[in-house]
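Quick one: this structure, given as structure tokens, is what I'll be asking you about.
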Amino acid sequence: MLICDGVELRQGDFVLRADLQFSAGGVTALIGPSGAGKSTLLSGLAGFLVPHAGRILWDGQDLRSVAPGRRPMSVLFQDNNLFPHLTIGQNVGLALRPDLRLTPDQGRSVACVLDRVGLDGFADRIPAALSGGQQSRAALARVLLGDRPIVLLDEPFAALGPGLKEEMLDLVRDLLVGDGVTLIMVTHDPADAKRIADDVVLVAGGVAEPPVQTDVLFANPTAALVHYLGAGMG
Amino acid sequence: MKNTTYLPAVAGLVLCATGASAETPVLQVMTYDSFVSEWGPGPAVEAAFEETCACDLQFVGAGDGASLLARLQLEGPRTEADIVLGLDTNLTAAARETGLFASHGLSVDLDLPIAWDDAEFLPFDWGYFAFVGNVGDAAPASLRALADSDAQIVIQDPRSSTPGLGLLMWVTAAYGDEAEALWADLADNIVTVTPGWSEAYGMFLDGEADAVLSYTTSPAYHLIAEEDDSKVAWGFDEGHYMQVEVAGKVAGTDQPELADQFLAFMVSEAFQGVIPTTNWMYPSVTPADGLPDGFETLLTPAKALLFSPEDAAAKRDAALDEWRAALSQ
Amino acid sequence: MARSTFPITPRWPGTVAAVLVLILTIGTLGAVAYRAEWGSGLSAADWAAIRFTVSQALVSAVISVVLAIPVARALARRQFPGRQMLITLLGAPFLLPVIVAVLGLLAVFGREGVLNRLLEGLGLSPISIFGFHGVVLAHVFFNLPLAIRLILQGWLSIPAERFRLVATLDASVARLLEWPMLRAVVPSAFLVIFLICLTSFAVALTLGGGPRATTVELAIYQALRFDFDLGRAALLACIQFAICVIAAVLAWRVAAVDAMGAGLDRVVQRWDLSRPWLDFAMILAGALFLLVPLGMVVLRGLPGLTQMPETIWYAALRSVFVAGGSAVLCVTMAVALALRGGVFVAVIGVLPLAASGLVVGTGAFLIVFSFIRPSDVALVVTMLVNATLALPFALRAIAPAVERVAADYGRLGRSLGMAGWGWIRLIVLPRIRRPLGFAAGLAAALSMGDLGVITLFAGQAEETLPLAMYRLMGAYRMEAAAGAALVLLAMSLLLFWICDRGGRVDADL
């Protein structure tokens, strides 16, 4: 169980308050207007921002003093998810050894996970030689290999076309969801939320609301959601 | 590749810069740079002295004559130098004041144009300052004539170079109270003032000036080493200021006998014989078979000028102010 | 980006580097002041020296920057065969030891130089290089390459999309793109060159024509070597620091992001390029001014090559060793400081520019002498001091690149648990290869020509190439010295080229 207990995150003048808990093993979408603090919340969870007040708890443990790389979570960012000068194999291998001193066994695991995301034989290429979709798959392969209980997605597929984005979301669902992984994804597209999210957290006006079941929320939108979605969407 | 063979040598030099073994006593002689250069007296002197002393003679090059004294002052009583070689009489007063020097205790018959009775410093060579120009050019016959002529000269800065300081003393010795007026008249003859002798002499050879402040013995270098007789020193009626280069024993030396031995060696044939064609100065004791061929062609000034070290030190600051004032107009 | 409590690299290496720089700049000054017997204040002559120093530095920096703008603009706009080679060669004067450069300048602008021969042939009266204008000419010769490089970098940092946008708007490239870029880049370029000229010594003395051209650095030299007045030397060094600080503060407000070491081989497609002959005339003029004196150094050095003693090659190897060591030390310190980041580091990066080379050398000597024999550590200290003196340039090249790596990949790296050496080895170093190579080359070439520190420390066995060259001159061997100068020029350039090249190969990711 991932809990934000009276968390207050500050970035310059901006303040975001979050007092909520994410259901374990479920998919939660963070939606809300841009600049409302979705990415700020994700940064706080990932450990890039230290809460000004409150605690972030995972299975009862306060994560305050846990460095980002040691938290039980993998992150995919909006961009720069792959180091351009490292090969795909190296990029994926970082999930096992941050210093890349892989054992032969670990090397086989890398090959295996690349195969699972459909990138068999791409291990020795550099990211620039891959298409956008293939790059996303490589990043996803690293998340899979990392095998951490929480996965944070900060709109990593936003730059892909709509078809490709849906394909990637499906891939995420197939590979991660249902495996006990707690998935938290930022999105500005309600369709994404409807597609794979169990719950939705609305982030608006400096506050992250407690999660609401996706179908419930869209069936009975709150005022804030209506405002965000606009007249045509309700 | 040929270069690879040098690498161990370089590494060795870096790791143990002083390669002396523990048994052989080491005599450290601090001197100016050009003394230790490939063509300076250093290599020959080292070889000759080490043949007789059962010791390791080490030269430490410390810039030019002026920086030599500064280096000694920086190091103070803790200096490892046993001998300081290369000061001239314009610097010996300040050197004596440091209290770092011991008496040399030698009485030597020196071939200097002047009497010498300094208890601490012993001359190893000497020369006359002179302007060196090209044969065939009109040569002024005095400092005054030079100042009144159109001749273009390069001189050295008295604040950073011993020849520069020598010229300052020369003008002061020759003109006394009228030195500033002479400098004022010389100002339009001076192309530039360089930090050291090397830059000035290089500029002269490159044709930047008609003459350069150097020594009466400079033409001997061109004559003997390059078989070139196109350089000549201008003789001046006022007389020529002398440079007497001396060495002294450091009082705190841990090798007093060796240091005494070196000073005695310094005025002997083996040392004095290499001076004319390596340092291009007059030896302070003329070797038995005379000076090398070519030296007889050099200018012999009718009158030698030289302040005592104490006078030179006393007059320096005022002379420098005059010089600066006159040339800053 | 908000500060995290989990830094990706430890802060101590940057702190160590900063402390080292502080010791070598402020600490050496302190060591000199500590030994001083305070008494004499500043004389009228010292004040004259301060006035001259500031005025020549101002004029030199203004002219360098003003002349660099059209040359850099032309180089940014035009593509032609050999352009990259030319840009590298144009950088050469900045890397030259002063005395070599002065010889080259005299061969062109001196009484018997190429220019006066030409004027004579045309029946015109000859010009003299000596005097205030000679000092400025030499400083422009030294620093124009730096100015061109900094400003060209500014031009090439304008994204191609902006040119496209301006082209579609049919607006003025000069007003919308170039003017704002120049306003950001020129003040910092001006500052760097002003500071370099401020601490100049041999150029001013050799070409200045007399005591009128006394700089503060010469006054410091006089105080140290001639009067042995450490108090006055320290006082003058403080004044030099103060002038630098004032200049830095004045130029600070417009501090710009510039990446000196980034690629210069890019040519942005442009839609506003008329009058190519004007650009090529600018490039030709710049190349003539900078390359003819270099050519003269080569020409004059060739006959001397056969007359050099064999020991020159040992000295040359020792110099390469020193240069290599300086380069490694310098980029190590620069990377450590850049990884640490912050305003403090920016200040550390400017300090060495403001320091008096003579005071640094003397202070280092006093510090070292309290512990061991200076000649034992001559080469190491020479490396360290030269690495520090080259640090401002290395830091300017490396810091923006390191910042960019942190901005682009810092969070990814931290989320993967990368830290410390692994992060530096796998991510930072490969991604900053270009500026790293450039900075290493610059540091190597600059320390190759060092004559300041080594003279104070060296015994007989530590002779470096510039020292050997100077000693040859002192022994009347002017031709052999010219040969040594040529070797020095060639090796400085070669070292720079190798390092710079090493950073470029396969680095286009």
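Details
Chains: A, B and C, in written order; residue numbering restarts at 1 for each.
What we mean here is this: contacts are C-beta pairs under 8 Å (C-beta built on N, C-alpha and C of every residue); 3 or more make two chains touch, one makes a residue touch a chain.
In this text the structure is predicted, and so the values were computed from the model without any measurement.
Chain-level centrality, scored on Cα centres against the all-protein Cα centre, points to C.
Taking the CA centroid of chain B as reference, the farthest chain centroid is that of A. When chain pairs are compared by their number of contacting C-beta pairs, B-C comes first. Averaged Cα coordinates give chain A a centre that lies 79 Å from the centre of chain B.
Averaged C-alpha coordinates give centres for chain B and chain C that are 34 Å from one another. Measuring from the averaged C-alpha position of chain A to that of chain C gives a distance of 47 Å. Listing the residues of chain A that touch chain C in their complex gives 11-12, 43, 46-50, 67-70, 73-75, 77, 80-81, 83-86, 94-95, 98-100, 126, 128, 142, 146.
Within the complex, the chain C residues that touch chain A are 1-2, 4-6, 408-409, 411-412, 414-419, 421-423, 425-427, 430-431, 509.
Against chain C, in their complex, chain B makes its touches with residues 3, 6-7, 9-10, 13-14, 17-19, 33-34, 36-40, 42, 58-64, 66-67, 69-71, 73-75, 78, 80, 94, 152, 157, 159-160, 187, 190-199, 201-203, 205-209, 218, 221, 225, 280, 321, 323-324, 327-328.
Contacts from chain C toward chain B in the complex involve residues 45, 48, 99, 102-103, 106-107, 110-112, 128, 130, 134, 201-202, 205-212, 218, 221-222, 224-226, 228, 309, 311, 313-314, 317-318, 321, 362, 365-366, 369, 373, 375-380, 455-456, 458-463, 467-468, 470-478, 481.
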